[in-house]
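Look for subunit A in each of the two complexes below; its partner is subunit B in the first and subunit C in the second.
Now for the complex of A and B:
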């Protein structure tokens, strides 16, 4: 493949021809005579890394070394050694971290699903402290506007809120995202994060009531949406008795069951409630019976067993799970 | 319909992004399944075949040569070794001696004189690449490969990565998260260098990564601190009508989750006694009826009592036997039916994740890669052995989808190495 190198910048001057590098001897990679998984590096890549090794092993803290790390990162943003060395340089050269933040932003635009970039971003933000708060929230918001479930962006955003604050608008932001896409589990996850930890909201206990109302509405609009049912359960984390006794929870199950449509989570939630001690009344028993569409087999007087049987049929991908659940039902008095 | 119905007219005008993306994937996948259903049995059998030769060709090629587009994986070369060599081992093939020697030699050049393995020669040691390198060497087996691991220095490296908050940093000045904890603990466990110093407070730190968190907690003997029934319920719901697993709720199916999620369910199944205890406890605490409690079966009551005592006494007398957890884990009895749908998952992997030119992938329309080849095959192995009463007893033909020649080697689900190789390594390191 002589002369054909992908993505080579024609204006680029090889390092070996740059006067400011003339005193440095590049160090080739110690791959050994017969390496496995050998990569057919471009000439540019090899050269940059050969010179990087030279400054890295010599522990040279200079601005030419800093520039070189930027070149290396441009070729492989996953090289954590280069990022680490860059951080050492940024510190000893006392570089303006606002400029560094811009640099990371640019690198991220091509590589947003890379751990090293986000780790570096966090390091920069930590050093900048409080003043970085808004820019970090903005930055993650931009990424989330393209990919509303971006794992690293959410993770970073949560770190920013916890470390630097900025909680004021977060619940509202969740509302917006959920209004756009009620199935966005990341947004539900963030919602939980906010209501439990925001210093402005009073914590889970204080928020539970309004959150139950919100979630029940969400369930009614999209009963097939697993996220909202799980969120509802999460609102009662460590408080099973409250979950069992909150009539809004059991009511929404009943409501959905009666529609005879998209009732999978209504059934499984009812089952969970029963396993936690809930005693369903005749309305529930009738609604469940109405879903039993087969004539064969005896009618089970135990509603929990009936629910499991129905689930075995209507949720076949989890048939073994429902059979197992049936075998683990609490003993009937 | 119990599950998600087709949109109403109003909904169809404005599906959400999640709904739209999901329906697109569903239609691709269902097209494949419909084609499969429409062809005669002989053709079906062919379609279900694991394309062994093609996969081996694709994998072996990667060991010898990778194009410049792989430059972005220049700090992940031990991972490439592991993904490729583990996949080859799963397919029951052997690596020839020369490649084996070259691999041991190469990984040795990635080994830092002060302990740990880096992503490539001359780079800093990193916990994830250490995990990949060690697992590769275990998969290769034999004295040369196993003895090449400098355990003492590696222990020192891990102690340096250990953080005051209990977690581990991936590398000097690196990110601290559950992946780092799992990779550290897994390596320490299999090399028999796991001790109190490495374990302390890890359990307090474990967070988001389900498989990593669960496996790490099991290895340090603290799985009972997790709400296992809820975790199990969540995990089984990650398998959808496409038959494969998704990574998170309302996200798209991806072949690699065959291992990360399927594996989590497989791990959870082996914790059945803790799960039963936790479920019994849950129903006890919520019950408001005295009558109900009195009529509780003796077994239920005593299990509840035992459960309480265990939790109270946990910190005092009980020190988990973490030197043997990995080994005991595969020898304990487990339930006979997998709680996820093994046949459906196999169907997804065989029909949707295989690239006919060799290698496996995320989903139809995505390109094959070594990472997905590794985790799709690992997931397939899990499925095939999911009914086995003993971890490596050959499964009955009826639980293996497609021809019986599809059978892969069994794995140890905590470490994801081929079981036979794990046993060899355990023997090698146990006396040291």
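Now for the complex of A and C:
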């Protein structure tokens, strides 16, 4: 069963048989007379929660209450109330937060898609302050080494960078992850986050040139990669004229079109460029024509229309989108 | 193509979580309020809300309200904005919003707005655009949108917009279809859809449809029935839903049904749960599948319920 920390599950003594709990009367969950969403809980879970309610309602700040919250979290890490109470206890009992960090790490390893765990982790890191920086970056790295698109881990990492710092190696880290998997959209997002927000890199404008080089290489390796094409466009955010005039952008489109394979994003990017004012030369027209290996019946009047016709054919699931794009093209005189 | 086995889904929802020791029953304990919303809204879309005793549901919901005005996930649990919206939505389903102290609930939501316009989920301060949506949707249903700072709330949401047209959980966070629904929904409710680059976002959203017809939530991820809600409702709100193949998506959702025991799963042949059953049925409703009540893409409630909220007085 997910959610249970394994080494705490063996040889478990029911709380009712533990001498240190003999003075507490458990309080059962009141699910109402005829529950809408009836739930039958396991005995172990019910017992832990019944005792939890007892200490919670008595507002008992004790170390046994603290270990009880750990037990409850081990059974279900998603309960906000248990985490809340645990934070109150950590504060009033002045618990060493390094120990708490270990605990969260352990819970997260089996249950990392849980909002409460990450929120708690952030709370601990915030209390520890700057000294937590490396451990938090390391921790997210570990999680990301298992699941490189882990949304919570990325959120936490962005928070650490912005709050505690550690930007210096982040672009390298993105390089590493993208070298492992060029299709990792989270890593591309992080890359954009770094080049636009790192205090050490000078911002998008300063980074644009080297990033275009990097991205064009990435596109040539995997022209079917949605993420790298979007990133390329993002490098020219609010700079359409630069986008249209950067020959590296149009050239990479042409290069991919000429291979006649995985050319969907190259075609749609070329269409975007044309819509933004780019004038393709004969090479482009020939390359696009060469992709028209079937008979369309009617001849399109210009290259942009031909591109849309091809995309309607090769991307049938989005045929209406391409028809709409075609309908928006200016009429040729 | 198969058909929607609505009767079996109704039976599944009514019997859900009866299995002892199931993992789902353990995790459901604290979010029973969300479970109630998913299950009851799905029932209403299928025209079977009358199989449930209104008074029992309403009195249970009210027993989950905290003195702060917020609702907990179950009786005796701490309040959280997540459960507060579910509670208000379920009361709206039953046309019982008159049982709540509207200002008390509103005060709770108002107290969670931060200086930058964002919303925290509870007193512990976790910030996420999900909570912006929840807050805005909730106070709107209660006719109290004027009590929050809408301008700042919208500004914060826009600060989470990415270069691909999508939205993340905080500024700089990766675009994710679930977060996009929340941001687009909040902008729709506040009349701010003009701040979205609809063509760019629409293109990103329609790229989420994969060969099987299902939708994923981010590039290169597996399709999942829950995204038929998140992606589809967003596409409808920005008026670009015709850009995807509806037929293929309907087939994908129907393929995720347990046609024997009822219920819908994330992907074909996986285990069903009430969460995906709701999203599957709600997705089919958005796709105008016959026999289902239409659902409002922003409020995530049946259209007749939304009409009742805004046009009955």
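Everything below uses one rule, namely that the second predicted complex is superposed on the first by the 315 of 333 C-alpha atoms of A that agree within 3 Å, B and C clash if a C-alpha of one lies under 4 Å from a C-alpha of the other, contacts with A are read in each partner's own complex, and residues count from 1 in each chain.
Rule of thumb we're sticking to: contacts are C-beta pairs under 8 Å (C-beta built on N, C-alpha and C of every residue); 3 or more make two chains touch, one makes a residue touch a chain.
Keep in mind that this is a model prediction, so the values were computed, not measured.
Upon superposition of the two complexes on subunit A, a steric clash is found between subunit B and subunit C.
Residue contacts after overlaying the shared chain place A:261 against subunit B, while subunit C stays out of touching range. Legend: residue contacts after superposition of the two complexes on their common chain; A:158 is shown touching subunit C, with no touch to subunit B. Of the two partner chains, subunit C is the only one that A:193 touches; subunit B does not reach it. Comparing subunit B with subunit C, the partner in contact with more residues of subunit A is B. In the overlay built on the shared chain, the residue A:81 is in contact with subunit B and with subunit C.
In the superposition on chain A, no contact is made by A:107 with either subunit B or subunit C.
The clashing stretch of subunit B relative to subunit C, chosen from 21-29, 291-299, 309-317 or 381-389, is 381-389 in the chain A superposition. Across the two superposed structures, the residue set of subunit A contacted by subunit B and also by subunit C is 29-32, 34-42, 45, 49, 53, 57, 75-76, 78-81, 84, 87, 115, 119, 122, 149, 183-186, 226-227, 230, 233, 316-321, 324. Residues of subunit A that touch subunit C in their complex: 1-3, 29-42, 45, 49, 53, 57, 75-76, 78-81, 84, 87, 115, 119, 122-123, 149, 151, 154-155, 158-159, 183-186, 189-190, 192-193, 196-197, 226-227, 230, 233-234, 237, 316-321, 324.
Residues 5-6, 27, 29-32, 34-42, 45, 49, 53, 56-57, 75-81, 84, 87, 115, 118-119, 122, 148-149, 180-186, 224-227, 230, 233, 240-241, 243-244, 261-264, 267, 272, 275-279, 291, 310-311, 314-321, 323-324, 328, 330-331, 333 of subunit A touch subunit B in their complex.
Within the complex formed with subunit A, the subunit B residues making contact are 1-5, 16-19, 62-77, 80-81, 84, 98-99, 102-103, 105-106, 109, 118-124, 126, 170-175, 230, 233-234, 236-237, 239-241, 243, 248-251, 276, 279-280, 282-283, 285-289, 291-292, 295-297, 300, 335, 337-341, 344.
Looking at the complex, you find that subunit C touches subunit A at residues 16-21, 23, 25-32, 35-36, 39-40, 52-53, 56-57, 59-60, 63, 72-78, 80, 122, 124, 126, 162-164, 168-170, 172-176, 202-204, 206-207, 209, 211, 213, 218-221, 242-245, 248, 274.
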